[in-house]
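For clarity, chains are labelled A, B, C, D and E in written order, and residue numbers in each chain start from 1.
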Amino acid sequence: GCGSRSDDTEGTDTGSAENKVAKIGVIAPLSGDLAALGKGIQNSVDLAIRQANEAKTIPGWTLELAAEDDQATPDVGKNAATKLAADKDVVGVVGTLNSSVAQSVQPVLAAANIVQVSPANTNPALTQGADFATAPKRTYPTYFRTCTTDSVQGPFAARYLFETAGIKEVATVHDKKTYGQGLVEAFSAEYTKLGGKIVAAETINPDDDKYDAVISKIKPSNPKTVYYGGEYPQAGPFSQQMKAAGLNVPLMGGDGIYSGEFIKLAGATAEGDLATSVGAPTDTLESAKDFIAAYEAAGFAEPYEAYGAYAFDAANAIIQALKVSLASADSAEAARQATVDAMSKVSFDGVTGAVAFDEFGDTTSRVLTVYGVKGGKWEAVNTAEFK
Amino acid sequence: MSAMLEVRDLTVAYGKIKAVKGISFDVEQGEVVTLIGTNGAGKTTTLRTISGLLRPSGGSVTFKGKDLTSVPAHDIVQLGLAHSPEGRRIFPRLSVEENLLLGAFARKDKEISNDLQAAYDLFPILEERRAQPAGTFSGGEQQMLAMGRAMMSRPELLMLDEPSMGLSPLMMKRIMTTITTLQGQGTTILLVEQNAQAALRRANRGYVLEVGKIVLSGTGKELLASDDVRKAYLGED
Amino acid sequence: MSSSRTENLAAAHGGKAPMVAIAGGALLMLSGLLSWSYDDRILDDISVRFFPIGIQIYSMVLGLVAVGLGVLLMRRPAWMDPGKGLRILGMASVVFVLGTLLAIAKQAGGIVNANEGLYVALAGAVLAAAAGYLSPEVHIDVRKWPRLNSNVEILIIVVLMALLLFTLAYTLNIEDGAVFGVFLVAVIGIVGGLLGSGLGAYFGFIGGNNRRPLMLAAFLVAFLFPFTQNGSDENMSIATQILVFAATALGLNIVVGLAGLLDLGYIAFLGTGAYVAAMMSTSAFATIGWKPPFLVVMLIGACTAAVFGLIIGSPTLRVSGDYLAIVTLGFGEIFRLAMFNLDGNNGPDLTNGPNGIPAIPDLVFFGFDFGEVHSIAGIPLGRFSNYYFLLLALIAFVILVFTRLNDSRIGRGWVAIREDERAAEAMGVNTFGLKILAFAVGAFLAGLAGTIKAHVDTSVSPDQYIFLESAFLLAAVVLGGMGTVLGVLVGATILKLLPEKLREVNDYRLLMFGLLLVVMMRFRPEGLIASKRRQLEFHEDDEELNELLQAEHLQEAK
Amino acid sequence: MTITEPQRTPHEVGTKIVLEASGVTMRFGGLTAVDDVSMQVHEGEIVGLIGPNGAGKTTFFNCLTGMYIPTEGTVTLNGTKLPPKPLKVVRAGMARTFQNIRLFGNMTALENVMVGRYCRTSSMALTSILRGPKFKREEAATRERAQELLDYVGLSKSTELLARNMPYGDQRRLEIARALATDPQIILLDEPTAGMNPKETEETMHLIFKIRDSGMAVVVIEHDMRFIFNLCDRVLCLVRGSLLVEGTPGEVQSDHRVIEAYIGGDEDKEEIA
Amino acid sequence: MDQFAQQLVNGLTLGSLYALIAVGYTVVYGIVQLINFAHGEIFMIGAFGALSTWLIFFEGETALWTLPIMLVGAIAASVTTAVLMERIAYRPLRNAPRLAPLITAIGISIFLQEAVRLGFNDPTLFLSNWNPLDFPSAKQKVPFPQIDVVTGQAFTLGGVTIQRSALFTIGCLVMCAAGLWYFVNRTKTGRGMQAVSQDPDTARLMGINVDRIIMVAFAVGATLAAVAGVAQGLQVTNINFKMGFLAGLKAFTAAVLGGIGNVWGAVVGGLTLGIVEAMAVQFIPGTFGGSPWKDVWAFALLIIVLVFRPQGLLGAKVVDRA
């Protein structure tokens, strides 16, 4: 016997009927290899929205989550953005995870005046334009981020390798995507400036799963570390195959490889591999205690991962802006522009530290951490503010 | 004793078109029986149904007392009923010898090589070209191969569909002789021929098919003598 | 024969079929007035009695058609086979009711939540189906088609088209995935039942008599469609995707359906057009400095694609059959990989690599900005509607090219090549030239579509042009019916629309999609709308069809 | 023997040579399928080609029509050398039929013949799309001519039948109509009566006479001796690739070498009789 | 020189994998002229079959003796899927138009990928609420067990590193190829396969059970693909539901390169393709070299080969007798 006559009146009375609805979108990889990070973002935004609704942060309005999967591909991400933009209730979007996806999402959301806050995009060009190093120019007024950029992360890793670890010869590999390539470029510039030597520079195609040929090509140049620009689904196997092929040096990467999944994929030989990631480790932050507790209490199936805290802050940044913009608006759509305007003035103490944006939409924080694989887990090696 | 092959009220259809509309005939052990008829009369269709390539929509086929209507084609061969199809249908990319050996696919005995030699003796060209891909053969050469291949299964009943098509007069005679020889060796033969004259001459009995029905039957001699047959199939006025 | 048992059954009880059909239809109609579910929050509230909505109305329409077919069964016109219609309608009705039951059970948590109306409907559906199987096998005589005044015929076409538009608009606006699903089944039942009973062939005949009005009416319907959307861009965005896809598939249809050359890398031509347009657009990521007006870009994109078509087609001089298929697949992959790589890091900087060229601005034609909302007769038409009209013009052009080529010396040459290339050559057909031409024309059309696609999509990236997309294009052609225009349009619509509307089952979407491809091919291997000739080809000789074909030809000859 | 009294009507064979093949040789690996064969065909002449199975008759046809590139030898039509390209051969005015019927099965009879008109018409893609008056005229002419040819070979009623649904004999006739549609000066027929009964064979014979009478030259391969000897002005017999005998039907059928290699000696006669 | 030898080894390894999969395409194509696009998924299912076997019976165990059992599990999974697929989806389409089975193949390919993605970690999808197996989710890459002896520290031979898994892969190819050669050329079933491939109707008249032969062809292909699946898992250390697609595409290319329908062609084509890819990474200088272009070179090679040898490297020329 299955089911019963449905008389359980569940879900009919959330929020008073007169409340208007505004949606905060999420665009992140919810399926596929990067879903671990994406789910962490989705859940954290969900948490922020639930808390805001509970606390009635924005009187007269109920916030809802509208999560869209971008499968970590620009095209799908763009379609997700189009869909959210067509939804009149959407006032802000948290996402994307990947810089490459952000590139396609930015113009769509900008055209609809929807504010976008990314917890994870680290490519500097997204805020400061293609010539960020020489002539920074804001590209989209609607775009903000809560994480620091690769023009900090790359050099940070370079200094760590050259100065702290004393490694003078490095091979670089990247996956050609906005993030990977940008990171390697930033790293290489600083590393050579410091006096280090890039002994080999290769690229891979992220669709591949065997890297023998590339590894064999790098090996004779005898690098002491391989610096990888890209994400863990490729970096994990790359690290493993590198070592199986007898290239027994550590692999180092950026925030894209800082995930438990990396270690799972790389296996036992991942020991000693390195990664940098934005901010300080979430679990060591005093300010994150509440977030972590609330996250656990909410009973999400997936961990918050590297970007949970940033996504939480991003969502709250939007909510802060909405407090201003929705107050006088009679429809969500009408509040879009006001939200964008309010965003640059947002400033509060978030989980990851002070949340505020500079004239480009970048976060003002420049803290980074080096992690290493020890005993099958990522462990913080060194946290510092980049100067 | 009932006949070796009994066809009763057989109807066969392609989609909605009935190609064979309820025919009945017998083939007795040791006989040569021929089916003649105009183009499209349903001769080929009948043979294909007997050998299991087509399923009848009605009626029955019995071979040596066993009902064939639901036996798959590949098992029918094992019962001793071989079919040399219309248009030769040799395996073009296999060599001549491989083609012949495939004829014996259903056999499990050890005398296959003897029969192979017998086929070569009958058609020396086959032996000469035993390694040539059969697809490069001329039409007539292919016909010989098809005949040889059918014999390789050592059938009790051999069905030949237009074995003389495209053959030179000489070859045609040889094929006809072969049929007599085979009959002498005890093989029963069901022969479909366009060359009615030659066929009827060596047939014990014959049936005339027209648009899916048997319109005439009798011994070979009777049919040869029949005015209707002479007019319609022998081209004599 | 498997059908012999049903034949016997029909022989024994055939006389009762009309009554059974009418009874079944009546029950279905009655069920519409009864409550279907205990739960009022699901399937648009079907718990109310004597106030039919949604699903209940579908059931009533199904019933009405069943009654109609039952009556026809009693006094059968020689050109109809109501029994066949009833079989389709009945089976669809059963699926429809069971589907509803499933939805109720799932959404309300148990079968107990189903009310009496549903069971009455089920009984009616079963009876209707039974009537179908009870009715005797009949021979359709297409020569008995009623001959009508051509104005009346045109009127029929117009009414049918209006119905089509209404159904389309209605369908797309169904929000609830479950309702959408059962509605689809109901439509299959109603339309299938009517068309299957012989009306389909008859309408085809009428359409054949009035080609021009038919085309005009069809385009009018397509043209009016955005006005039914009330400014919403949601369906229009899907519609633009469908049109781009269909235009490309029609181009592929020239290569595959007409010339019989299997092309597994076709998406590259669409990509060529899109990349050309993107690189010449004013996007900040565009890599070519020259910014000609869009019409010029269109031509450049299409011509570039055509040139690629020539290149890809040139191995056909030596390579044929499935070997050619893999050559095209290879070219397709080379295209994608080249787009993936040409970012300055590997090869020259042209395409921005895997990240593609985003931020392609909207088109502006003589001051008409495609990105803006424009109002016509008070109905707002959004960005996608604007592009929709542009694409409609494109499709019209593509169809024109397709049909005119098909019905010409060139088209005959293509079919001859498809049938027997060697023989065609021996009969004086310039096979190489024609094959190359097929590739070039097809590529040209796809390239054209690509240039517009770049602007509709606002971005191009290599992952839009993967092999799977080529496979889908091919699926649209085969699924719809090779060599036909209508078939490809239908195929393209199904392939693009279903995944969108299947979002209800989001995680299982692709799974069901894959399954659907398999099932469709299983039951209609010749495609949904096979060209008459093709149908003959595949279903072996079917007297009926043959007659039909001849009747039509006679008609044409007059 | 049944082949005795030729019933053919005497007629004038032209003196102009239409087709000339000289020294045609075709080798497949070690096998010489056609060995240095030369042949001349005059205007209005019917030439028969006979020979045992595998003698190389079809291969010879393939060499003449450019389907095979002969290892050696040349083919000239009206004094111009033909390149071994089927397309150019047809355009130059030589058409053929196939031993194993190769119609376009899923096209109607009419369409099959219209395809034959391909090489004598010229509208290309753009013309077809634009549909100018020239295009319309050409289409109409093509259709008309095709129908004419169907009438000519006696298929008036089968215009709209799919080729593959037609009876065997009609298919062979359709092949001939399709070949005629290319406006040839010479037509090569490969076993046009194979699989036909004597009555149909008779009809085909008259058709070929009709074609000849319209001024075309005909070369025909057949194994039906009565047919060949009644039909042809001249007969060539190929054996193992080489030309064995050439002469009038009377000469050839009484040549003992032909009888031995091809027709069969007397000892076989009673077998068949 | 070392680099050349090294890349040759890499290429052979990759090529062996392609070859193992390519044989499946070739055998099936040879018989039913069907491009079975779903064959890549059979390979993927082999890998998952092996993984499941390991998870169910010896999770945590990495001793060599588990390998044969994993292979059996892989083969069982692949062969079952392939045979069912043939029976349910392809057989009814035997007489359908040529492209219909191709679309079916694409449908099956998508279906199988999704079925594994959704079903592997979640038996609830197919079997109500019964979930005794705690499988990892297949929605992302899943680590593959690293078995002793065949994985681990690589061998070095005069400057050339040879991985253990590479030896395993090449060894598998050699053994499978030898077995297959015997099967096709020395057994009656093998000759039957050739006959069916050329004329199924007439083959039936010879007493050949065509349905069985076709099924055998699918099963043979699936067996080799399953072995390849295990080899891939050991080499790459992780597997995922998408892995069959690209590998399948490459293997199909290899089969055509070698001459589709020809078993040796598949082996030669696979090895050639693998070697070309490896060499392209190392030896093509400038910006058109390196890993991202390797597939382009592989496809370019394919096209060039086909233009000069339209029947593939070892394919037999099909005679078209007019």
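Rule of thumb we're sticking to: contacts are C-beta pairs under 8 Å (C-beta built on N, C-alpha and C of every residue); 3 or more make two chains touch, one makes a residue touch a chain.
Chains and their UniProt names: B, D = ABC transporter ATP-binding protein; C, E = Branched-chain amino acid ABC transporter permease.
Being a predicted model, the structure only gives us computed values, none of them experimental.
The chain with its Cα centre farthest from the Cα centre of chain E is D. The interface carrying the most C-beta pairs in contact is the one between chains C-E. Chain E has its Cα centroid 37 Å from the Cα centroid of chain A. Averaging Cα coordinates per chain places chain A and chain C 40 Å apart. Between the Cα centres of chain B and chain C there is a gap of 48 Å. For chain C, the set of residues touching two or more other chains reads 337, 340-341, 345-346, 422-423, 426, 534, 537, 541. Of all residues in chain D, those that touch two or more other chains are 58, 67, 98-100, 102. Looking at chain A, residues 176, 203, 205 sit in touch with two or more other chains.
Chain contact summary for the complex, chain D toward chain B: residues 28, 31, 50-56, 58, 99-100, 167-169, 191, 194-202, 223, 225, 261-264, 268, 271-273. On the chain B side of its complex with chain D, the touching residues are 38-40, 87, 125, 132, 136-141, 143-144, 162, 165-174, 176-177, 180, 194, 196, 198, 201, 232-236. Contact residues of chain A toward chain C in the complex are 1-6, 73-75, 78, 82-83, 86, 100, 103-104, 106-108, 111, 130, 139, 175-178, 181, 203, 205-206.
Contacts from chain C toward chain D in the complex involve residues 400-401, 404-405, 408-413, 415-416, 419-420, 422-431, 437, 441, 533-534, 536-537, 541, 546, 549-550, 553-554. Those residues of chain E that touch chain C in the complex are listed here as 29, 33, 35, 37, 89, 92-93, 96-97, 99-104, 106-115, 118, 245, 249, 252-253, 256, 260, 287-288, 290, 292-293, 295-296, 299-300, 302-303, 306-308, 310-312, 320, 322.
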